[in-house]
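Here the structure is laid out as structure tokens; the discussion comes afterwards.
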Amino acid sequence: MSTTQVDKSAPSERARKIGGMYRTYWLVMLVAVVALSLVRIATGADDITAANTLRAAILSACPILLAGMGGLWSERAGIVNIGLEGQMLLGTWGAAYFTYNYGPWVGLLGAAAMGALGGLLHGLATITFGVDHIVSGVAINIIGLGATTFLAEAFFSDYQYGGPRQLTGLDGLPFVTVPGLSDGLKSLNDQGWFVISDLAGLLAALTTKVSVVTILIAVIVVLTAWILWHTSFGLRLRSCGENPAAAESLGVNVYRYKYVAVLVSGGLAGLGGAFLALVAASGFTTNQSNGRGYIGLAAMIFGNWNPFGTLGASLLFGYTDALRLRSPSAVHALLLVVAIGLLAYAAWRFYQGARTSAIVLGLIGAAFLVWFLTTDTVPREFTGMTPYVVTLLVLALASQRLRPPAADGQVYRKGSAG
Amino acid sequence: SSSDSDGGDKASDNTSASASASADVCKDADGDGPKIGLAYDVGGRGDQSFNDSAYAGVAKAVDELDATCLEGEAQDAEPESAREDRLRQMADAGANAVVGVGFAYSDAINAVAPDYPDVNFGVVDGFDPDDKPNDNVAYFSFAANEASFLVGVAAAEKTASKQVGFVGGVHNDLIKGFEAGFTAGVKAVDPSIKVDVAYIEESDLSGFNDPAGGKTAAAGEFDKGADVVYHASGASGSGIFDAAVEAGDGNWAIGVDSDQYLTATADQQPHILTSALKRVDVATFDFIKSVADGSPKTSYVTYDLKNDGVGYSTSGGFVDDIKADIDGYADKIKSGEIKVPTAP
Amino acid sequence: MNSLKRVGFALLAPVIAVLIAVLATSVVIAASGSDSSAGDFWSVILSKPDNRLLVNILNQTTMIYLAAVAAAIGFRMGLFNIGVEGQYLLASYTAATFAGAALLPGALNIMATLVIAMAVGAIWAGIAGILRTTRGVSEVISTIMLNSIALILVGYLLDRYGLHGGNQVRTKDLPESSQLAGWLPFERPDGPIWTLGLLAVAVGVGFWVLLNKTRFGFDLRATGLSQTAAVASGIKVDRMVLISMLLSGAVAGLIWMPAYFGSAHTYGTTFQAGLGFTGIAVALLGRNQPVGMVFGAVLFAFLSTQSNTLTFQTDISPSIVQITQGVAVLAVVIAYELVRRYRIRLEQRTVARARTAPVQEVTA
Amino acid sequence: MPAAPPAPGASSTEAVIEAPEVRLIGIGKRFPGVIANHDVEVTIRPATVHALIGENGAGKSTLMKILYGVQKPDDGTIEVGGTERSFRTPTDAIGVGIGMVFQHFMLADNLTALENAVLGAEKLHGIGDKARAEFESISERYGFGLRPDVLVEKLGVADRQRLEILKVLFRGAKVLILDEPTAVLVPQEVDALFANLRDLRAHGHSILFISHKLDEVLAIADDITVMRRGTTVGSAVPGEVTKQELAEMMVGSELPSPETSESTVTDVVQLSLSGVTLTDDAGRDLLSDISFDIHRGEILGIAGVEGNGQAELVETVMGMRRLTSGRILLGEEDVTDWDTRRLRESGVGYIPEDRHRHGLLLDSPLWENRILGHQTRPPSVKGPWINRSGARKDTRRIVDEYDVRTPGIDTVARALSGGNQQKLIIGREMSGDPVLLIASHPTRGVDVGAQAAIWSHIKRARHDGLAVLLISADLDELIGLSDRIEVILRGRMVGTFDPAGVTPKDLGAAMTGGGEA
């Protein structure tokens, strides 16, 4: 049969596309590392690629990433979930309550369950009752904050190390260090060699005192990518976000997939809450997520509704957060990184023939360069703004390239097929 | 003097009170002493911090002065009118001593006090926001910089790496005072010791409520070589203690406001060198007593080393060996020989 | 009977929603194992407020209502301005700084300050508007980001240029000549009703007239109902987006002004944060209708003011009220959706009846 | 022989030979206020093409959705292969070998062709290489020429249609339901589709085929069932009935046709396009160098396969898109840079292609819909104010004059049927003495009665000197109404035809590029 002939060409087309995606991903990573390394050497701000900084960046990134993954799951099924913040808060409470009573592993499950409960509420409102997704999300955020504050006061006041607004001393989860490798990489990191030391810093961060939850999150990211793009379950789930009527006409139970998606979404946000209460520090306080749910959503958009894109964006936000807290002075060096990045991107756009956008980008890049050259520090307030400003800039510059699922945010009613 | 051991004792009173928080003295008190209104800041009783400390002062008053009490608690983002209303409800219910915990009550008390000339008000950390003096209001201010100085001395004496750290919750004037005192204390012992300074937030009060941020900031300082880190960051402090635990043996954290050794977890306790004490309980009790005695305190009342309003704690016994040195500095401060700066 | 029916339908959803909210709140209280019962809670909340509380409720209502209108202007045309919070924060700070500087005398100072508050709110909202019209950036995300930026920015400016004293930072006090004493409905200690509460009345009436009586309002509603149809009818949607963002931000700028001129007189600890989010919730509760939002604002102001008494009389944390409010918002949108579906079914039945002659049987 | 039943002998002998593939017995379905189906009887023989015809709203789609398990019948039974079945979901129907291609495409643009085909049928061949092989073998077997890994958004209409059929075959369906598959195809594509269908029939598939185009039905069907007002009113065999007879069975009367009377074309140019070019963001031409004039009293018809620039042309003329180069004159005036509102104010009426998206505020009452598009002109407004009573009064006029069937003007537009919504739009666009009418598919999805009324309104306005730009996929409508027909292909005008002498076939050839040679 001639099918064999077609068979050969088709996968290669597919493979080429996927390969291309990963190639750009790696290319961007490489450029970032080189730029950081250059800037480190030029400015002497060793902290910007120190293993410990990167480790802290990963820790800061994890809750954002989990929220982002939560957003990804629901939006891929067509449900916008800005209730992530509230679900994350429910997760912080669940983690605290269940860890205190049953230990940290049950705590993780409890956090996911509380988050999923918030997801269920969102699902009921948006799927069954067809309420606007943003409206429901806003309401869930109000409920999430009120409920965790109320429940904390009701339950934690009488606990040991507890109070109406906090519960500390929760049992932690284990860490993993790769023996040998970790130390070797760290000393390599200290050498200050071009690129090699920086990469060693990154690898050291990945092999030193890594929380099992961080590993779990890495697994979640990979699993998400695999489930959504390589299983029939994922195909069905995504079809609900692209064209639910078509999915239903082919026998897909759209409501069920949307519910699964929004439950997973809430559960992941809840896990993000657990990360804050159990791993990032060992204690619960009220309103602990403090906007990380929203940043997770921003990371997902920034990452173009793609798990690895979301990972990259979360790491970026986590990195600026960690650097701001650990070495505010090194933030100044980042100005140079931004300037180089923008100028490089401008050159690339120019090469592609997009003159005006290249000029705009180039001017912004030059402004950053001037800022770097004429100052010694960045006002500390501004470093705190980084994730927000970066998000706005990315959206402003790249919104045309972003591609949300076609039926994202639309209310779908059963029986609309045909 | 024995101000410190004294402090330790009182602090343990304070925890025994908060540990039995559910016992709730205000519910059962039925003496015929003064009637106290206690208006908590956000967090309320059980916050293991200055709300609890104020409660301890009231509990002591119930115990020793046959006082009765009423409690009210602030909510996040509440309107100014809610604070005023809370104070008025207390005054209307017959309280003759009303204490607002936290400077956020300054404006509300200034507005309410003139309507209740027979009631005496007190504000922790408070001040009169306008130029009309209120003759029935006492403003308690604490020389937190002096307490910070003393723990700075402790940090300087204990550091092996000649590097210590400070983590502030929010970069505002109040916390800058802690930083200034701490740095001065460290430098007084050895000017060559390096002090790393970090703040969790610049102005957003969520910096007092972010253990993860606190841990990241403190871990940064430990990673860079500090082995003692002092925090003034409210509920974020548990993150600083966690960072000390993770940094391992020989690394210390210093607590703030109350004796945090007593409320810390078993893991954290071996790392809590000392705490800078701000005796809100003393201020509260003194104020109530002054009302009961018929000579109510008014206007600015400063609590400092001299009147035991601030100090440091010794629980855990980690500073026993350097106690004499610290007390020596305390005496110099009391005598005015050392002037502790209030801003960095 | 038709108008009776319409009123019935209009009331049906809110009534269902309030019942659900009451039920959910009671269940949460019972489940929390608190010493006080749900009955205690409701008897405190539903007790008749004192005169002083009545004044507070009214004053809070005006600010919440302004916030609700600010949000509703966007919502009515399908724009989710989540950024009311940041807009009024920045506007309040700027206005207080300007008014405190006393560059103008008395009433002029008040006027100019109001204009500045509106302008700053409008500009901050306008950023999101411009990002949306020129770059296609969703206003939901951009306004959330702008909220955080505004918070940091105000902190920075206040720290840098504010008056430091007694552990606080604040703007310069409003000169006495520009303060507005308000009206005393009861005794002096019960407090005044703020003069600029009138802003809420003016804005509410203005919003109603704008929506229902003007061409612009028609365009706004049409854009909200169907952007595609709006474009085809000659409405320039981008322009509408920008204008309504600016309007929404301008109203947001006014939110805190009644309190500022009425009692706070400075931007510091007396600033009341969070009204922006409350406004969004109230707008949703009131279906973005000028009159509906009045009820929503009163309900929210009533609940939060009454909840202050909870700590004196029960063991229940006042934060329970947030659950009541959140559930009410969610329940009301669900209830409206259900009632809407039911109404459409009814209408279609009427239409079908009015349509053609009965089906006649045809045999092959 | 009106309403002729099939020769009783023929069907009974066939019934002896082979059991029916599908039998629908006494099916009934009620919606609130509408009886969509009642007492429906259809029998489909194996390996045949069975046509189902009937006017708009006759209940065809509803019946098919019932057979496919999308909707549940209130009465009646379904037999497949002699066994009684009841379907709760499409999955049940798919399980017994029934597949359906809906009236509107059911494809996810952002997924690949293979993913669309595999969706919901992953159990059969997985989602990997086996599925790809199956996809390719079906595509090969029926000559569809589809590649599995292209994104659906890159496919043209005909390819999408084939993908829809492939989807059904992928599930191993024995019975294919095709709901108006030819509505968006040109005659040549229809021929290709019919060749596919005959192929399928030869492979033993049964096909249920719905169409309004009686020529097509007569060309492909083995059996015909006619529906009217929710029930089956008869059946016929192609060789034995004429088009006219079928039409009478469908509507119970003579089929109207859009014959124009004598020409009313004047020599005053009302609309003039010269060199109009429109490029998209990526720099591709959507419209290239389009020039034409429309005179007062003239109807210019535009023929073309959907997606060849008609929508863009209309939106450019309406000022909803900015042209890249060229000039547009309205009367004497250069309106190239005018926005939609200004154009509308100067007398351009617009009947949009998609009335739900572009023509109406579905949740607003009729009188507010009257204002839409006329926000700056009386009687809807006075200065910056809405003139409520004026708008209401004029809405009542439209409801009367255009026979809009509604209980009142406070009814929301959504509650009206499609035809009545369309009549309201036409009444609105004809108000205020327009000089130019842009009518996109004015009778799409409208039943014959309303269709005739709409035609006569357009003809009357033309008689009164209106210039009309008419876009339609219905070639009979174009030929019947237009004074001149231009054919558009890939954004270019590729030929002008005189409706008097042109056949749908000729137009079809030009529309697909076959006429260029």
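Lettered A, B, C and D in written order, each chain numbered from 1.
Note that a contact is a pair of C-beta atoms (placed from the backbone, for glycine too) under 8 Å apart; a residue touches a chain by one contact, two chains touch by 3 or more.
Note that the structure is a prediction, hence the values are computed from the model and not measured.
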item: From subunit C, the most remote chain by mean C-alpha position; value: D
item: For subunit C paired with subunit D, centre-to-centre distance based on mean C-alpha positions, whole Å; value: 45
item: Euclidean distance of C-alpha centroids - subunit B vs subunit C, Å; value: 38
item: Distance from subunit D to subunit B - Cα centre to Cα centre, in angstrom; value: 76
item: Set of subunit D residues in contact with two or more other chains; value: none
item: Junction residues of subunit B - those touching two or more other chains; value: 44, 76, 171, 202-204
item: Touching two or more other chains - residues of subunit C; value: 152, 155-156, 317, 319
item: Interchain contacts, given as pairs of chains that touch; value: A-B, A-C, A-D, B-C, C-D
item: Subunit A contact footprint on subunit D (complex, rising order); value: 61, 64-65, 68, 70-71, 89-91, 94, 100, 102-104, 106-111, 115-116, 118-123, 126-127, 129, 132-133, 136-137, 140, 147-149, 167, 179, 281
item: Contact set on subunit C toward subunit D in their complex; value: 212-219, 221-222, 225-226, 228-229, 231-236, 344-345, 347-356, 359-364
item: Sites on subunit A touched by subunit C in the complex; value: 82, 121, 125, 129-132, 134-136, 138-147, 149-151, 153-155, 164, 291, 294, 297-298, 301, 379, 381-382, 384-385, 388-389, 391-392, 395-397, 399-400
item: Of subunit D, residues touching subunit C in the complex; value: 3, 5, 31-35, 38, 228-235, 252, 318-320, 339-345, 350, 352, 354, 357-364, 368, 371-373, 375-376, 381, 384-386, 405-407, 411-412, 414-417
item: Subunit C partner contacts - residues on subunit B that touch it in the complex; value: 44, 70-73, 75-82, 84-86, 88-89, 93, 103-104, 106-107, 111, 115, 125-130, 139, 141, 171-174, 202-204
